[in-house]
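Consider the two complexes below, in which chain A is the common component and chain B and chain C are the respective partners.
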Partner chain A sequence: MSGQELPGTERRDDVGPVLRKGVGIPASGWFDPRGRALGGFAFAVNRVTGLGLVVYLYLHLAVLSMLLRGESAWSGFLRLATNWLFLSLDVLLIFGILYHGLNGIRVALVGSGVVPDRQKALWWALGVIGTITLAFSALHIYGSR
Partner chain B sequence: MSEAGHPNGSSPSTRTFRVYRYKRGDPGWRFDGFEVPVGARTTVLEALRWIQLHRDRTLALRHSCLHASCGTCGMQVNGREVLACVTPADTLGSTITVEPLANIPVLTDLVVDMRQLFERFPDEIGTVRTSDALAQASPPDGIETYERFEDCIECGLCLSACPVSATSDAYVGPAALAAAQRLLEEPRGVDPERVLDWADDPHGAWQCHAAFECTEACPSSVRPAERIMALRGALAGGRRTVATVMPA
Partner chain C sequence: MATVRTREAVRRRSPRAPRSAGEWRTMTLTGLGLLVLVTVHMIANHFVVRSIGGLRDYQQVLAYIANPAIFTIESLFLLFVTVHAMLGLRGVLLDLDPGPRLRRWIDRGLAVLGLATLAYGYFLIGTLASRA
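Right, the complex of A and B next:
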């Protein structure tokens, strides 16, 4: 510090803490629900469903690997796959696929500048399509028991 | 304002303010609690000034104009980015949590290092920028012409609200990208290709995830998210056209 500087100026470039939103760890900043509007929730749910679909992909591969262990292993799995809990997970999977896909269309239309200022209207419109499709799928899945 | 008085309004009631505190050299940050009399028209900024005057003179915060045009009093109140000078405290509940803006280093208490925001802007953006007045605007008698300034007050609320900025310091953020789009809409001598080159970066227009929280937080109708989307449109469209986002 030179004699011409004001007291304390030598620490002017000290970097203080950076406040992050989130639930304890910095990587969760995108997930903080406080004060979020529709677009923020849409973004957070999109990420959650994306992560869920990645997990499902590996789960699906693990389930398919049962085929390598013979017919009895696969038949045992099929008995499990037709109970209510498992079918409900199927409905949850359909929700994840529909949400992630339809929201992807919304983001593509908005994000490519085609309709840059219609994100909320698109969310609701695609939400109606997704809800109807999900209801139809759920009826079909539960009706298959 | 007396010790027994309240900052503003006719029927004061006491609210608890949880205020973020940090001073250089402190091992960490903390919240301090203050009981503050709040009236029907008391703003958060007035309540914080009351704390400064009556409870703790070391509480540091930025403010200037008191009417939402300077952008200096941006902060998080109950987790939402606001300008404290125009945010009524009366409707915020019995406990009001006040924090500095997120995603920008804290200098002290509620003061963040705004250089971290300004340095993100493209070089072509000046500090104070005039803009073309609306063509249909006719100045009153005695005034030759309007001089219109940019809507963006550089408060940093959009950067704090952005969920992408929450996880990536490399992302230039909504304010700078919106400013770039404004340059495309109204180049004022700047080469649009240079602006597009600047924005065409993995940490530029393409890192936005379209959460639109910046637009929700913006107190000045800049609509940064829509401008980023329009900027992407210009980039994705081979730079042939530039979409214009008119104020809502």
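Right, the complex of A and C next:
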């Protein structure tokens, strides 16, 4: 070369743009659904349902503690738990369990290499199974009133 | 000054990097076990008894938990769900990119929380079964 600078040499030391999806995703980036593909959306919902189920686990243990206080305490809780709002929370719980469980099957199958290239098809297929199961469960729970 | 990105720095920043193969396997195995156990738990507690929401009254709960097969299933369910929940919480917390010191505290805190959950859960199941 004849001492001529290559194009762009003066910009070589500039700091490049920080890309959101590169290595080092922002700490809270997983729950931001904007600009996500199906896999990212499924991951975010999986985490939200997982956190919800952990909260429910401790709520459930607290409620079951009423059994230690005897029959009258439990009967009082049952009167509250059989109203429409509580039964709706049961349906919400079943949605959380179904989504987290069925998405977990998808993640296990894709992650273990059993069906590494079928994650979208699995999401939709398991989604149909989950929706049917949720509808059946909701009908059963509301129908018991 | 040039920034040198070591492999360790990249590993620490990546959300999936802290999860070891053993941890992933444990998460998957407890998850698969939970699929069976949570199905049994939900059917037994919402779809068997003919009452509003399928909920049992006090005497029915005691009779239910005193059944040796149910006692075993519910004990396993508590173990699997606690391990799975603590590993899941750890994954979420490690995504917040804590330093090594905070990470150690997270591990200790979750171990204590998990053990306390198991201790209280088994106390609850055992006490109810003994009342039947």
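Methods note: the second predicted complex is superposed on the first by the 118 of 145 C-alpha atoms of A that agree within 3 Å, B and C clash if a C-alpha of one lies under 4 Å from a C-alpha of the other, contacts with A are read in each partner's own complex, and residues count from 1 in each chain.
The rule is short, and it goes like this: a residue touches a chain if its C-beta (ideal position, glycine included) is under 8 Å from a C-beta of that chain, and two chains touch if they have at least 3 such contacts.
It should be emphasised that the depicted structure is a prediction, and the values quoted were computed from it without experimental measurement.
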item: Which superposed partner A:Asp90 touches (first chain B, second chain C, both, neither); value: second
item: Chain B versus chain C as contact partner of A:Gly101, first or second or both or neither; value: second
item: Partner chain(s) touched by A:Glu71 [first = chain B, second = chain C, both, neither]; value: second
item: Partner chain(s) touched by A:Val114 [first = chain B, second = chain C, both, neither]; value: first
item: Partner chain in contact with A:Gly127 - chain B first, chain C second, else both or neither; value: neither
item: Which of chain B and chain C A:Ala37 touches, first, second, both or neither; value: first
item: A:Val54 touches, of chain B and chain C: first, second, both or neither?; value: second
item: Interface residues of chain A shared between complexes with chain B and chain C; value: 27, 30, 111-112
item: Contacting residues of chain A [partner chain B, same complex]; value: 11, 14-22, 26-27, 29-32, 34-40, 42-44, 107, 110-114, 116-117, 119
item: Of chain B, residues touching chain A in the complex; value: 20, 22, 24, 28-29, 76, 78-81, 99-108, 113, 161, 163-164, 166-167, 169, 208-213, 215-216, 223, 225-227, 229-234, 236-237, 243, 245
item: Interface residues, chain C side, partner chain A - complex; value: 10, 13-15, 24, 28, 31-32, 34-35, 38, 42, 46-47, 50-55, 57-59, 61, 81-82, 85, 88-89, 92, 95-97, 117, 120-121, 124, 127-128
item: Of all residues in chain A, those that touch chain C in their complex; value: 23-25, 27-28, 30, 47, 50-51, 53-54, 57-58, 61, 64-65, 67-68, 70-71, 74-75, 78, 81-82, 86-87, 90, 94, 97, 101, 104-105, 108, 111-112, 137, 140-141, 144-145
